[in-house]
Structures are given as C-alpha cells and as structure tokens.
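There are two complexes below, and they share chain A, which is joined by chain B in the first and by chain C in the second.
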Partner chain A sequence: MSFDKERFKSPYSFLFGNMNLRTKTLLIISLVGFVLLAIAINSFFINVDNITTNFAIKNSQPSLQHPFGTDWMGRDMFSRTIKGLGLSIVIGGLASILSAIIAVFLGLSSTLGRYFDHAVNSMTDLFLSIPHILLIILVSISLGGGISGIVVGISLTHWIPLTRVLRAEIKQINTSTYVKLSKNFGRTKLWIAKNHLLPLLIPQIVVGTILVFPHAIMHEASVTFLGFGLSPHEPAIGIILAESMKYLSNGSWWLAFFPGLSLLIIVLLFDLIGDNLQKLLDPTQANE
Partner chain B sequence: MKKMTIFGIVLVVAIVSIMAFAIIFPESHNKSDDSLVVSIWAYGGEPSSLNPLDGWNLEQEPLIQSTLFKRNHDMDLVNDLAEGYSVGNDGKTYIVNIKNGVKFHDGSNLTSEDVAFTYNKAISSKKVTPDLSSLNETTAINNTTVQFVLNQPDSTFLSKLTILGIVPKESYNNETYATHPIGSGPFKFVQWDKGQQIILEKNDDYYGKKPNFKKLTIVYLQGEAALASASKGEVDIAEIPAELANRTINNMRIQHYSSVDPRGIALPTVPNNSKKSNGVAIGNNVTANLAIRKALNYGINREEIIKGVFYGYGTKTYDGVSTLLPWSNPDTSIKDGDINKSIEILNENGWKDTDGDGVVEKDGLKAEFDLVYLASDSQRQAMAVTVSEQAKKFGIKINPQGKSWNEMSNFKYSNGVILGYGSRDPGELKLDYYSKLAGESNIVSYSNPTVDKHIDSAIGAKNEKDSYSEWKSVLWDGSTGISPQGDSPWVWIACKDYVYAVRNNLDISSGTATVPVHGGDLFGNIYDWMRI
Partner chain C sequence: MSRKKLIKFLGLKAGTLIVLLIAVSVISFILVEISPIDPVRMYIGEMSLSQEKLDDLNEYWGVNQSLALKVVNWLGNLANGNLGTSLIYRIPVTEVIGERFQASFMLIFISWLFSGILGFFLGVLAGFKKGTWVDKGIKIYSYIVCSAPVFWIGLILLMIFSVQLGWFPTGLAVPIGKLAGNVTLVEWLHRLVLPALTLSITGIAQIALFTRSKLVEVSSSDYFLFAKARGEKGWSLIKRHGIRNIILPAITLQFLSFSELFGGTILVEQIFSYPGIGQAAVTAGLQSDIPLLLGIVLISTIFVFCGNSIADLFYKFLDPRIKESEANEF
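Right after this comes the complex of A and B.
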C-alpha cells in the first residue's frame, strides 16, 4: 500500500495539495471528461462545409488566425483537427460501447455451460491470433467503407481483453459460497447472473470500456491513415496525418505536429480517466 | 631528373584535380553522357506489360516497337514504318506501303505479315483500347504492302494506325512478350526489374533517326520521391506534380507542356431509372436536369481552379477539346464564374430555395449529388472540393466522394465523376457522346440526334481534314452541341500541363515535342534529345 501511495501522490501533489485521493480522483475525472466532452461537442458544431479552401493562404504557418496553420488547400487546420478529433472520439465511443456489449454478452454466456465456455474461449483465441489492423480493414471494406464500417470493424476486434477479464472474474465469483447457496436454493442461472454477477462486474465493465477508448481511437487513426474507410478530403486524424507526410519535406511541420500532438493528448486523457476510475471503483483503494 | 620531377608534379596535380573533381561533381563521375535516366509517372505508374496488345504506350511513343504512322509536333501525320498510303474510292480500303528491310531487334525482317498479324490479333484479343470497331480485316498483299478493309468509311482510321506498335508474328508469344518484348523501335529491351526500373538500349539498326543515347533507364517515381531523386542527381528528367514545380532543384530546370488532356466532371444526362446488365445503376435525377448542368457550367470559376488546384499549370476548356487540336471550336467559350447567371438559369427553370437551407429544390427534389473522384489523385481531390465550394454559392450541393478506380466503375454512370482523357484522335468525341454508346464509353448516357448526325458525317468524311468542321459542329453548331451553350453533359474545366524537371545539361528539344495526350508523351521526340 505504501508503494501505491507514493505512486499516486507524486504526479499531482503540487496541483491538488492535501485533498484526499477520492476527491482528487473525482476532480481529475470530471476535468478530463469535461475537456473531452467539450472537444466532441465543439466538433459536432463545426460544419465541414465551412472549412473552405483558400488557395491564397495555402501552407501558411501557424498564426493567431490559424493557430494550427493551413494545409495545401488553404484550409484551417485547427478546425480540421478538432473535427477529426471529434470524429475519433465518436468512433472510439461507439466502438468501445459496442465491444463492451459484445464482451459482456460473451462473458456471461460462458457461464451457461462447459460448451459455451469452450466456444467463448476458442473465439477469443481465434480473434487474438489475427492482427487487429488486418481484421479492421477487412471488415470495414466488406461493409462498404465509411464510418459505420470502421466502427463495426473496431468493435469486432476490441472485445477480447475485456471478455477475458470478465470470464475470469465470473469464474471466481461462481466459486463463492453465496453463489453456491443460490444454486442450492434453486435459483436459475439467469437470476444468478443478474443479481450476483452483474453488480460485481460493473466496475470491470466500466473501466474496461473506458480503457478500450484509446485503443479504438488509435486504430481509427491508423485505418484512416492507411486510406481505408473515409474519403481523403474528409477531416479524420489519420487522413490529416497521412496527408501531412507529403508536405513535411516542404517544411510544413505544423501539418503533422499539432494534429499528432492532439491525438496523443486525447489518448492520454482517456487513459487518465480509465486509471482514475479504476481507483475509484476498486474498493481496496477507495479511501485513504 | 628535372624532367622527371616536372612529370611527377604534373601527375600529382592531375590526380588531385581529378579526385577533387570527382568529389565535387560525383554524378559526372559515375554517369556517362550517353546514358539517360528518366522518371515518369504518367498515370498509374509502372506499366503491367510492355506489349502494345495489352495496352503498352498506345498513344505515346512505344520506344521498343514502331508504329505505321506518327503525329509530329504540328499534329501532322508522318510516316514511321509506312512509306505511303492510298485510300480506295469507297473509303473502305486502306493500302499502306511499308519500308523495306526493317529489322526486328532479334534480326528477323519486319514484313507486312507482321503488321497484319498485329492488327488482327488486336481485334481478336479485344484487350486494346483503340477503337478498331470499323476495321474488318487486315491482309498482307505482298512483303511491303498491307491492306486494311473497313466495314464503313472512317475518316479517323489513319489516327488508329498511329497507335499500335507492331509485334513480330514469328516469335510472338502471348505469355512472355509482355516482359520480353521484341520490336523494331529506336530502343531494344534489355531488362525489367519490376518495381524498380526498365532498361533499354539503343537499336543500332534503327531505320529512322537514331537517338543520341546508348542507354535509357526508366524509373517510376511519384511526387516527392521523384523530386528527391532529381535533387540527388539520380535522374535526368523527372515528371513532377504541378504543386512541386515551384521548388528549386540543383542543376535542373522546369519544363512544362500544354496538353490535350482535359479534366472535367461527367454529369449523367438521364434520370436514374435503368441499370446496366451487371446491375450498375445508370442516371442521376438531379444532373438529368439541363438547368443544373448549365448552372454548373456557367457558375464554376475555371480561372480560380487553374490558379489554385493546377498551380497555374493548365488551360481553360469549356468542351474538353484543347485549342491545340485542329477541331477545337472557339465558339464554345463562355463567360464563366457568373454566379448571377447560374442563379437566373436555376430560377427560370423552377429551382428555388424555399426552405432556406441554401440549396435550391424543385418539386421536392434537392439539387444535391455526389461527385466521385479518384482518391489517390490529390489534384482531382482538390478539384472536387473546390467545385463543390463554388457550386454552393449558387445553391447546388455537391458531396465529394473519394474512390478507387475499381469502386468508381460502380458509381460513374449514376454520379458526377471527375475524369479526363485526351487523345489526338477526334474519334474520341464519338466514344464520349454517341447515343449508341450510351451507358458504355458515353458514360453520361448523352443522346442528341443532331449531334449523332454530325458524328456520323464526321466519321464518313472523305479525309481527316474534311472531318474537322463536322467535329466542330459536334461541339457547337450554332443551335445545339455538347458545349455549355448546348446540352452541357459535362463540366469541362481545364487541360492540365505536364511538368518535368530537366537537367540543365540536357536539351529535350521542346521545338519538336509532340502534343501530349493523356499521360503525356515525353518520349515523342527522343530522337532529338541531346546533352549540351
């Protein structure tokens, strides 16, 4: 415990002073959540049609008017980046929720019997053995591309870690005496799942879902970077980064730097939320 | 003794200066003057085959093979393998005499049999793009005379004889020819490292003017890679995209050629109510309205697109026929960028913005359609985005969609598509606008009996020169045509320039350069290139 205390104290102590861990965690979560939500909502109100081209100012450096500079068609990179990040967050959100649903469904169905357990187990092994990016590309192409293709592709590949965690957890809970007692009282499996398993699994599910976010966003960026899913004129972070490569030798560093940095920050922020939620929901670390 | 010392000093000085020279100018050390490295991208990059029957350099100089005729700098027909020709009175038989004693690279003689073989093979294999639909049969009359029999008079037929490189009948092998071609052209094939380079060597037995270079290496580098290679001194000529033309490259200059290769937007002229036999949809309900197509043609600002998207390397076109072509029609030019006129055209025809969303509508149909462009071509992407922004100003909503070539074949008959194809053969106009080819090469399904009639009489004209006035009437005959004033089935925007970075010590003789077609025709005058 003392080790954990040190670890959690150091990074934020200068910011939060003597607050207790619970307050600090809540504060961090709400702040970070606010930032992410602000980006998502802001990007929702940016109309792509309004990020117009202006060839007179193409490839111009960052300035007060265009804090992230402009691209090869003179479009404002700040609006494009925010729009791209918003898209990433939405895709990430949809994909992690979908994969969480898949994971819960598979996790719970593994309790239904030995064969179900085997089936779930071999399916996780199967999906683990295929490279993510390959599967995402295949799925998104077979669904005709577009945002829906990417969302389905990412959801179909990101349920694995959560499923494994849930399955292990369920196995553990199932050996506990109160579950055995319920069974002896003649409760159905569904009843046990609803009343004994699910409440105990909720922290895992929530944290698991949040932690899928960064992965999903990264994969969305990689898939669009490789040119799958969206048209090259649409503002997705991957497309922006792929395009910036062509202009790096030109000296247009801002085309890659700001969008790349923003992507990194978003991913780190989600990680921060995930870590702090875990602290909050894990009873062993709840209070100090 | 003194002599020896002086000799020694001279020797040392010579060695040192040679070494210094080698260090300062490393490229002149490892590259001899009679070899040439050229990076071209054309469109699509490295070819999949060097066989004319598979489509290798059909309208461009095939280098390895030779054609019967060529087009020179002034678009005149000149002999290549041919010595002369005559046309029968009915306009259906063409007799071509070919040069005697021409040899293939393997030493065998090129005779009329080989010519007949090549053309008959092209018709039966159906893989080649030149439109040989009017050709019935090719026969060798004697060693140096070939007879072409057509199924109808075709004034564009001589153009078709400039396209196909002749392959040897004796040694032709369908499987191996693509990678080991034998021809009679100015260069012999040496080796092809797929994905890297094609190496050719001067043909010393060439019957025409021999090139000044012993070895020609062609690499296929694109964009930045081509530029980087040029800056390092690895290539003598690099084709570069217009957007990179403003960079300065050591020891190189920029040379650009106006081409007959237009870029435009195909707009389906029929409503969406039919399908091709393979299930691909034909027609678009919005672009089927003449008012929409006209409003676009008058409202789009071509000047702005050329300045922004083409970086100035392009020329306006309103009908897709470059002014470099003898059948271009000056009457088709209009005042474009005229937003008020576009709004007027739309209003007159009942297209009004009643719900205030900035997009006009008529009978509940919104003036909105998808514009498909080739995703890998940033120039077409910028065109799509710019056009959609311009169209928004007069109330037409265009949604750009980037697709691959494969995907495009499912969309091109039922959406706006950015396309371009430039040919030195006026027969191209028939492929694009003839009503019987609707849903095929006439992707906009355009049909106009008057235009059909003009096309028929142009094809049936006595000779090429006589056909030009009819081709002009296809574009605009004073009352109808395919131009913006007429049915405007396309929004033609600009003919692009082909831009090359050329080493300063190389003269590629722009005075004799041939008119660039789709993909350019850089090698068209390679006979005149030299080091200076």
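Right after this comes the complex of A and C.
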C-alpha cells in the first residue's frame, strides 16, 4: 500500500514513529520476549518455602505490599502467581518443542510415499477424534502423574496443525520448477532437502512452535485445575485457581481474578510474538 | 442428490466409525494398561487381603495375561456391549454414561445453539460495519475470550452472579435434600444458566471471527460489487448476497466444534458441580475408575465423530455449488 501513506498510518504510530514494519516487529518481539523471560527467570528464584505463611494477614485484600492479596494461609498471591506462571511457561515450552519435533518427523515422513501419507493422515484423524483434555488425562494417568505426563499429553495433542502446514509446504516446494531443475542436474535428494526445503521450512517450524505455546499453556492450566499431574501444594496456576474455588463464597475474589488474568495476559503475549514473528518471516509483508 | 449416494456416504461413515472406535479403544486401553495403577487394588479398595487371595484375584481377572490377550478380551467385551462395571458407582458403565450424558447433552446443546446463533449474528454485524468501533469491539472481545481459560471465565461468572448478586446457586444441579427425579424443570434450568453461559461466551468468539472474515471476503467479490453497482445497499445487500454465501460454512464450522465443546464441558461441569459426563470423567480419572474413564473416552469419540460427519454431510449434500459441480461430472 504505497499510495496515500498518511491514511494508512498505524494507530500505534505515536509509539513507534516512522519505523518500518520490520523494526517495529523486532521491537515488539524483543520487548514481549524480555517480559516472558523475566517472569520465567524470576519464578526460578522464588523458593516455594520462602512464600511464608503468615496467619496474621490471611485473606487480605490486594494492597501495595501484596498486589494480588493473600490467601487463607497469609501467603502472598503475587509470588505464588509468578511462580505458577514460570511453571506454565516451562511446561508450555517443553510441550511446544516436543510437539514440533513430532510434527517435523511426521510432516517429513508423510512426503516419503503414498502409504506414509495415508498413515500420517489416519493418525491425524485419530488424534482429532478424542477431545484434547480427555487424551491428556489418559496420558497423565498412563505415565503415573507428574510434569512429564502433562508435557507428553500436551505434545501428543498439539502436533497436528504444524504437521499439516509442513506437509502442504513440502508438497508445494517439491512440485516447483527449481526443485525439478535441481533433480535434472542430478542433485541428490539430500542436497535438495538441505538447499531447497530447509531454508523455507525452518521459519514455518519456528512460528509453528511458538503458536503452539499459548494452547499448551492453557491446556496445562486446565488439566492442573482439574487435579491431574501435579500435587496439590505446587503453585501451578490451575491449582491456585482450583484452590480459590473454596474461598469464593466468602468473597475472596482476588484469589481467582489475578492469577487467571495473569495467565490470560501471558497467553496474549505469546500470541503477539507468534503473529509478529510470522509477519517478520514472511518476506512479502516484512518490510512494508 | 441421489438417495444411493446418501446411503453410500452413511455406510462409509459407519465403517470409518467402527475402525476409529477399535483404534481408540485399543490405544486408550494400552495407555491405562501401562500405568502404574494396580487394577485389583483399585477394585478391592481399602480391604486388606492375604497374598494368596490377591494371587487368586489376579488369576481370576487375568491380570498376568499378555497385553495382546487382554486387548483381544477387551475388544470382545466391547463388541457385546459390555463396558464393565464402574468402580465408584458400582453399576454398569453404560448406565452411568447413559444418565450422565443426558445432562451434559442438554448443556452442550443449549450452549452450542446459543453461541452459534449469537456468534453468527455478531460476526455478520462486525463484517457489515467493518472498521467501525462495533467491529473493533467484537474483534477485541473475540481475541481476549479466545485467550482466556474457560474455567477462569466460569469462576468470574460464579463470583459475579452467584456470590455477589446471589441470582444463581453456587453449585449442584439438584437442590440439597431432593432426589434427582423430583427436581422441577424450572429449578433445573436455573442451574443450567451459568454453565451454559460460560460455554457460550467462549464458543461465540470463534464463530464470530470466522463469520466476519468470510463476510469481508464475500464483500470484495465481483458479484457483490455488481450488486452494489445495481444500487442494492445496506441490510438487504448483506442478506441477499452475504449471508446466503456464508451461512453454510458457518454451520459446518459449528458442527466441527464438538470436540472443543466436550473439553469445555469437562471444565465447566467441574466448576459448577453439574452432574454430567465431564464431572464423571474427572472423578473417574482422579480415583482411577478405569472402566468408566475408558467408556467416556469411547462415547466422546462417537460424539465428536457425529459432529464431524454432520459437517461433512452439510458440505457434500447441501451446498448447491458442490452439488452442481458433481452433477456436471456425470
């Protein structure tokens, strides 16, 4: 859109001035990435034992000392929430990477031949036919609970979109004229994969992995909310929210409100990174 | 559309369902089989038995059989419609599921219908008023709700309407001191409002965003432009050239959402202690009631499959464009 630039000025132009999209996107990505990293690192240093119980200030409303209020044992909800978010980010990260590995493996093998393609398709249908939460519960039980059960469960249910994208992408690249030309020149399959496929697929894999993140975090919170995987005293967001249910009736609204809101913001931030990264890696949009 | 084609379609779907059910039941069976749960221990509960008795029980139920043999036995029982006995309720799994599924089905159906209609309406409105604050408001709502955990929305509604305003009870589909059979319709509906609302709030977002983007797409088509050039405008233009083209994809999408609805029901029922299949699934999972859990996995598979098949049916048999293109083939 080169015509009439003034009319198409972004609503955020007061924030970013005259930067082009690439600079803006990079700025957004690094800012948001910094926030998320800060939460993850901070939560690592919060020792659960240091979130002291102090019955003198139990069930206190949000204040300057305790921005998220305190719970029924006088524990600071802000520290517990940050700790929970850190756990969510770690679990989400592990699950996204694992599901990306599954997706790359299946996406690549689906292009090996007709039978492989059929096999991957039927696997997709199979995993789409069971509601995700139910499958995660099953896997969690199967692995005897713990974080590993949740991570494996989430990865087993989240590889499908990326697999489909990769499969379509590989098929499209394989029919392109430059691949045919390379074949005619006698290049090996490995050479074509390294020089024609990988450079185009890596951005897709990166974006796909990051876009799985928000879903993974939400499923982690849902499953721990239901009581699977982690023991009840661990400060996961789902467990904090499940605990808050007992104290809702006496009006302790802050116990549920702030942890859930923080989770919502984290999910939105990851979405933001994913969308912006997609823009950045798509050469047709990047330098607008 | 020929009747022959429909029968062929249904036959194919039935065949696929059977294959799918076998695959799902084998996989879920193997998953629970490799879990560290001791089935005999779960069955006898807290009772203490001598090692000899335990061995006898192990022998009786074939705990030490090979995995392949167990899977075959399990499939054989399934084929006879025997899903075993629930360890928590001590009645056949099919009975538990039958009772629980009715309650859940009402919940799912109401929120499905409500979110579909309202979501479609909001999507059309947003697409029609593209670029205005109405459009932006609907879009922001949809993006936020898509990123919010369902159970958190449920908790917020519970806090506002039950705790603060006191309009609805904080849980239990059946009032205390009453038998499930004696609940009046009004009491029951009263308890259905908040769970259904929670499920709908999240359901609306997806369909609204989809409808909006479809309408925007249609609005930039040639026939739309031509209709505009002929002097059609406003609501009648949207109705005659927009909605007619987007309603079928929207309905199809709504049928494809059965899987997410089922997942949402599991969470929502837990929050509002609504005695449906989702609550049974969580209880079964937490207390290792394996027969019930496997039964619920199977029924959810059938449920999701039905949704997908109906979407397929709509796509194949009701879309006049596809019908025409197939008719031209012959």
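Note that in this section the second predicted complex is superposed on the first by the 267 of 288 C-alpha atoms of A that agree within 3 Å, B and C clash if a C-alpha of one lies under 4 Å from a C-alpha of the other, contacts with A are read in each partner's own complex, and residues count from 1 in each chain.
As a convention for this text, contacts are C-beta pairs under 8 Å (C-beta built on N, C-alpha and C of every residue); 3 or more make two chains touch, one makes a residue touch a chain.
These numbers come from a predicted model, not from an experiment.
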First, second, both or neither for A:125, with chain B first and chain C second: second
First, second, both or neither for A:256, with chain B first and chain C second: second
Contacts of A:200 with chain B and chain C, given as first, second, both or neither: neither
Which of chain B and chain C A:246 touches, first, second, both or neither: first
Which superposed partner A:37 touches (first chain B, second chain C, both, neither): neither
Which of chain B and chain C A:227 touches, first, second, both or neither: both
Partner chain(s) touched by A:26 [first = chain B, second = chain C, both, neither]: neither
Touched partner set for A:190, first chain B, second chain C, both or neither: neither
Touched partner set for A:141, first chain B, second chain C, both or neither: second
Between chain B and chain C, more extensive residue contact with chain A: C
Doubly contacted residues of chain A, that is, touched by chain B and again by chain C: 227, 249
Residues of chain A defined as touching chain B within the complex: 49, 52-53, 55, 58, 72-74, 227, 231-233, 246, 249
Residues of chain B touching chain A in the complex: 223-224, 227-228, 243, 304, 307-309, 375, 378, 381-382, 384-386, 389, 392, 400-403
Complex contacts: residues of chain A adjacent to chain C: 125-126, 128-134, 137-144, 214, 218, 221-222, 225-228, 238, 241, 244-245, 248-249, 251, 253, 256-257, 260, 263-264, 267-268, 271
Chain C to chain A touching residues, read off their complex: 20, 23-24, 27-28, 31-32, 34-37, 143-144, 147-152, 155-156, 158-159, 163-164, 170, 259-260, 262-263, 266-267, 270-271, 281-282, 285-286, 288, 293, 296-297, 300-301, 304-305, 308
